[in-house]
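Next up: some structures, all given as structure tokens.
Two complexes are shown next, each including chain A; its partner changes from chain B in the first to chain C in the second.
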Partner chain A sequence: MSADRSTYRPENMTANRTPLTIAAVLSVAMMAPVAWLLGLSIKDNMELKLGTDSVFELPYTLVNYLNILHSSQVFGWFFNSLVVATGQTFGVLVLSSLAGYAFARLEFPFRRTIFVIVLFGLAVPEQAVIIARHQMFNWAGLHNSYVGLILPDLSSALGVFLMTQFFKAIPREIDEAALLDNASPLRIFWKVLLPLTLPAQATLGIFTFLRAWNDYWWPLISATKKEMFTLTIGIASSQINFAQTEGLGFLSAQAVFASLPVLIVYLIFQRHIVTAVSGGAVK
Partner chain B sequence: MSASIEITDVTKRYGELTVLDDISLSIRAGEFVVILGPSGCGKSTLLRMIAGLEDVTKGSISVGERRVDTLPPGQRGVAMVFQSYALYPHMTVAQNMSFGLENIGLPKAEIQRRVLQAAATLEIAHLLGRKPAKLSGGQRQRVAIGRAIVKEPKAFLFDEPLSNLDAALRGRTRLELAQLHTRLGSTMIFVTHDQVEAMTLADRIVILHNRRIEQIGTPMEIYQRPASRFVAGFVGSPAMNFFPVESATSNGEMLTIQTGGLGSVGAVIRPPSRFSLSGASLGIRAEDVTVLPAGQPGIPLKAEVVERLGDRTLIYGHLTDGTKLTVEADGRSEARSGDMVQIALDTSAIHLFDAAGAAHHGEGG
Partner chain C sequence: MAESYRRSQWSNGLFVLPYLAVFVVLLAFPLFWGVWLSLHKVDLFGPGRFVGLANYGRVLVDPVFLQALRNTIVFVLVSVPVLVALGLFLALALNRTTRMTSFLRGLFFSSSVLSVTIVTLIWRFVFIPGDGLLAVLSEALSVQPVNFLSTSGWSLFSVGVATVWWCIGLPMMLFLAALQQIPNDLYEAAALDNASPWRVLTRVTVPSIARTIMLVAVIQIVMQFQLFGQAQLMTNGGPNGTSRPLVMYIYEVGFLRWDVGKAAAASELLFLIILVAAMAQYVVSARKSEASE
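So, the complex of A and B:
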């Protein structure tokens, strides 16, 4: 009988209890600030001014969300963020796909060298080039514009690398079959190879969108006019002081509102995100 | 619609490396030619040069009356079936088959007619709406052939298309390919390293070895009268038995050859006048060696391994001097490992190979 007890069973729940407990504790730790934010967003500002402990007490209200609808600039910032994140996502997908195809399939002088130079982009932090970029954009008059907010992150080294690897993984026989099918190089790219990269496009698109949506650093520098703020900058500008003793519920409601697109994107594409993060760990 | 193919003095080099050297080959319209050779001999490269997927370093290739080696692949009038089938994974079977026809601007009605006709021929009409991932290996193979058929090409090129199938399916598909060739009457070039495929499918076999064509002939010519020791050893299973020639005397018509294990062997072979014995070898196929009934004197062979294949029995053994020899005996043979059996050679089926590997055959060989 003791032998039975030591027998390994893959579905033995007792064996899984420890990792489950750790995962549960970590999940609570991750969710707590979100729950706190949600709680604050449905409390009256005056009540919160007396103390945030009132989060755990009735009454709750949706007045902060109604105030967003009536008086906040959040919608404008939301729209700006949507334009910037969508524009960047679209641009990164187009440029990374074309560059990836070229690096994976076309023969041109210094191909390997150029690819290595592109990869160096992964190692250069944004902060290292920010002053030069600021000056360039200032000279070109691109600050406080959508182009100014979208342009800097279109050249995604990670995107080019990801798409190059994905194109390389497609068997060349597929291209050759299309060549024998009398397809032009452009048609092979558009009708045959590009559709095969959809999983990579989805992964790259999601990460680009999320990164662009949450970006704080460049919009803080480039968008100085309030009407060109993105959500991250706008909400930060709404914060009155460090302790935020006034309007805390309203601020929290804006933060929840700002997080909704990210949440929606995650819920729709969670399968792709999990696949991207696990990155071929399981065949 | 089938066309002849003329390959003239074709050479392929990758930098300093010569893969194919001065290859010339004439393929008649409607002929089924199999290019056979060991891995790395350049057979797929030759096929890819005909298809236009590899440049020709030197020489020319014509399909019908038209020189094609300077044309892009899609304009050569050939269709290719790849080893991995190379179906477009995101397209349905019907889309896979019609893609090439859309590219040349055929009317939709004509595309549909051809796809349905090919699907009916290959019995894949019920699969037209499926994607390749939902098909078995055999079905994918049919779709790949269908994709080639709809183009109504002047020649079909097959690059080891059966090698991804299991043994049973491979045999069945082989038969279907032969039937398809009969039905379509098209020129077909089939590359393989599998001699059974070559022997069963080909009107003519082209043996490639060491960058060159070693022999071109019908399957029986290749098997019975191999042009070289390489061909003799490569074609046939089990491989031909070889013995080093120690000495030989000729009386004008009969050559008496002395080898270590076999002793003195008389063969009706007329070697050329300047034939040198140095490095020469004698060859005989396993089925041309007979196991004699018990008590009958012959050449003694110690059986090491006995393989019973049902219809025949293969006896792997060695002669008194240690030379290895394989004998193909009757399926009912009672020989066992460790037995000493007596064998006899069919001297009319003996082949003689000079030091350079060139063959000289007996009358029955």
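So, the complex of A and C:
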């Protein structure tokens, strides 16, 4: 009986091995473009000019990666991305933790109304606000600055929503115990509850970092000076006229270099990222 | 002091204040100001006079807008079913825990963490004529190579391939989570009836995750309506605008030609389309779950 049942669990659709085989074949198709990029990145630019089929032959070289080390521009972009992504992550964590705690635990006038309005913010796509934001930042003279790149996404309601859920999941008895010691709300937040949300902070933090690192439209219109480009925008600017200037190999190496941080973060924190992304989607 | 914890107090609201300030200034205000901009003549030098719905009129008779609207709808209609079907297939195929399946799950999700510029760079190197992976392969097989990025029809298709490659991880993960929730007794009952695997799939598995299928479809519709970077970087909307999506139209009108009022009107229209699409799906799914109860 139990053997019967197990054959019918969807897990055991793979008892029929065809779907898994197809998935494995698809995974090759999934990786082929990346393998091609890696191949290009370890070929000499001059050799690639004669024909990219030379990727399948020796010799290979690391000269493109060495050239990145000498290109202050690419490093500048990398540093900008790091500042923007770190700043945004820090900001989102602070704002969302404070607000999430209050929404989950405290009573204040219009609490429910405010929470519902904030939730409506989840439904607003970037393109509905980006033009007005661009005008505002123009007036404030914030374009081409780190502040200008960091600020807009601090308004994302997703973090507040997630942190509210996380704080709600902590048992009430824990703050009741602290209340007996006459602790203030700020003290309970800082000393008692915040340490318990560290895993949640990690999840939200990694998610925010990746989103900021990969952001495209806002930095594209806000950072118009080359030295203020983030890595994402820098790579976009060099691929728009790639054939003439830099060579396929060097551009490929830049792409690999730009993806390394996110791929490393992904490999280490895979579980957190999947939780954050699917949790964020099922809002 | 403990009293303040249970009683409603203004001071407790201070915790929300920092976020609320950012929310009002950077989200709520721009949302309404965008509507205001769409009703005014605005250019590089700032807002001018009130023009009523004239900007909307100019957008709606603009053949470039209508073409971009059609491109975007075609793109959504093709890419969303592919993403839902492929995501569901992968989830079913990989829904058990072995080394092989966890590796494949990680692999199919990994492309989602890349930025759009990396994704487009990877796929341009696949599609570019002469030097691209497909060109090299078709030469090796002596097949006439297609110029994917600059042939009308193929260009939007290429953008779609890159998009599916980039976005497939999320649908797969959401479906995997939903499959874990299906109660065992449903499968026991099916086993007692000697149902075939296909029947189990169509009568038990798919109906049990109907809500997730709807959810994934809504998320993807909302996301794919906002197609921008892939098209801009891979084809620049070409040839002849046949792969220009709505967001790219807004970008060009607002930030390259600085016709801000017109761009604001176009973005309000896109916002409306996305809201209607999401609402329609929501209503349908709500009605369905009512009917099944």
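In this section, the second predicted complex is superposed on the first by the 240 of 283 C-alpha atoms of A that agree within 3 Å, B and C clash if a C-alpha of one lies under 4 Å from a C-alpha of the other, contacts with A are read in each partner's own complex, and residues count from 1 in each chain.
Simple rule for what comes next: contacts are C-beta pairs under 8 Å (C-beta built on N, C-alpha and C of every residue); 3 or more make two chains touch, one makes a residue touch a chain.
On a predicted model such as this, the values are computed, not experimentally measured, just so you know.
Asker: After superposition on the shared chain, which partner residues are touched by A:183: those of chain B (first), chain C (second), both, or neither?
Answerer: both
Asker: Is A:140 contacted by the first partner chain B, the second partner chain C, both or neither?
Answerer: In the superposition, A:140 contacts neither chain B nor chain C.
Asker: Under the stated touch criterion, which partner chain does A:157 make contact with: chain B (first), chain C (second), both, or neither?
Answerer: second
Asker: So which one touches more of the residues on chain A, chain B or chain C?
Answerer: Looking at chain A, the partner in contact with more of its residues is C.
Asker: In the superposed arrangement, does A:174 touch chain B (first), chain C (second), both or neither?
Answerer: The answer is first: A:174 touches chain B but not chain C.
Asker: Which partner chains sit in contact with A:195 here, chain B, chain C, both or neither? Use first/second/both/neither.
Answerer: First partner only, chain B.
Asker: Can A:260 be said to touch chain B (first), chain C (second), both, or neither?
Answerer: After superposition on chain A, A:260 lies in contact with neither partner.
Asker: Using the superposition on chain A as set up above, list the residues of chain A that contact both chain B and chain C.
Answerer: 179-180, 182-183.
Asker: Touching chain A in the complex: which residues of chain C?
Answerer: Residues 1-2, 4-13, 15-16, 18-20, 22-23, 25-31, 33-34, 37, 42, 46, 89-90, 92-96, 100-101, 104, 106-118, 120-126, 130-133, 136, 139-140, 165, 169-170, 173-174, 177, 179, 182, 184, 187-188, 190-191, 195, 197, 200-201, 205, 215, 219, 222, 226, 228-229, 233, 247, 250-251, 254-255, 260, 263-264, 267-268, 270-271, 274-275, 278 of chain C touch chain A in their complex.
Asker: Touching residues of chain A toward chain B in the complex: what are they?
Answerer: Touch residues, chain A against chain B: 171, 173-174, 176-183, 187, 191-192, 195-196, 198.
Asker: Enumerate the contact residues on chain B facing chain A in the complex.
Answerer: Those in contact with chain A are residues 51-53, 72-75, 78-80, 82-84, 86-90, 99-100, 103-104, 147, 151.
Asker: Which residues of chain A touch chain C once you look at their complex with the stated criterion?
Answerer: Residues 4-5, 7-14, 16, 19-20, 22-24, 26-27, 30-34, 36-37, 40, 48, 51-53, 55, 94-96, 98-99, 101-103, 105-109, 111, 114, 117-118, 121, 123-136, 151-152, 154-155, 157, 160, 175, 179-180, 182-185, 188-189, 210, 213-217, 221, 231-233, 235-236, 239-240, 248, 251-252, 255, 258-259, 262-263, 265-266, 270, 273-274, 277-278, 281-282.
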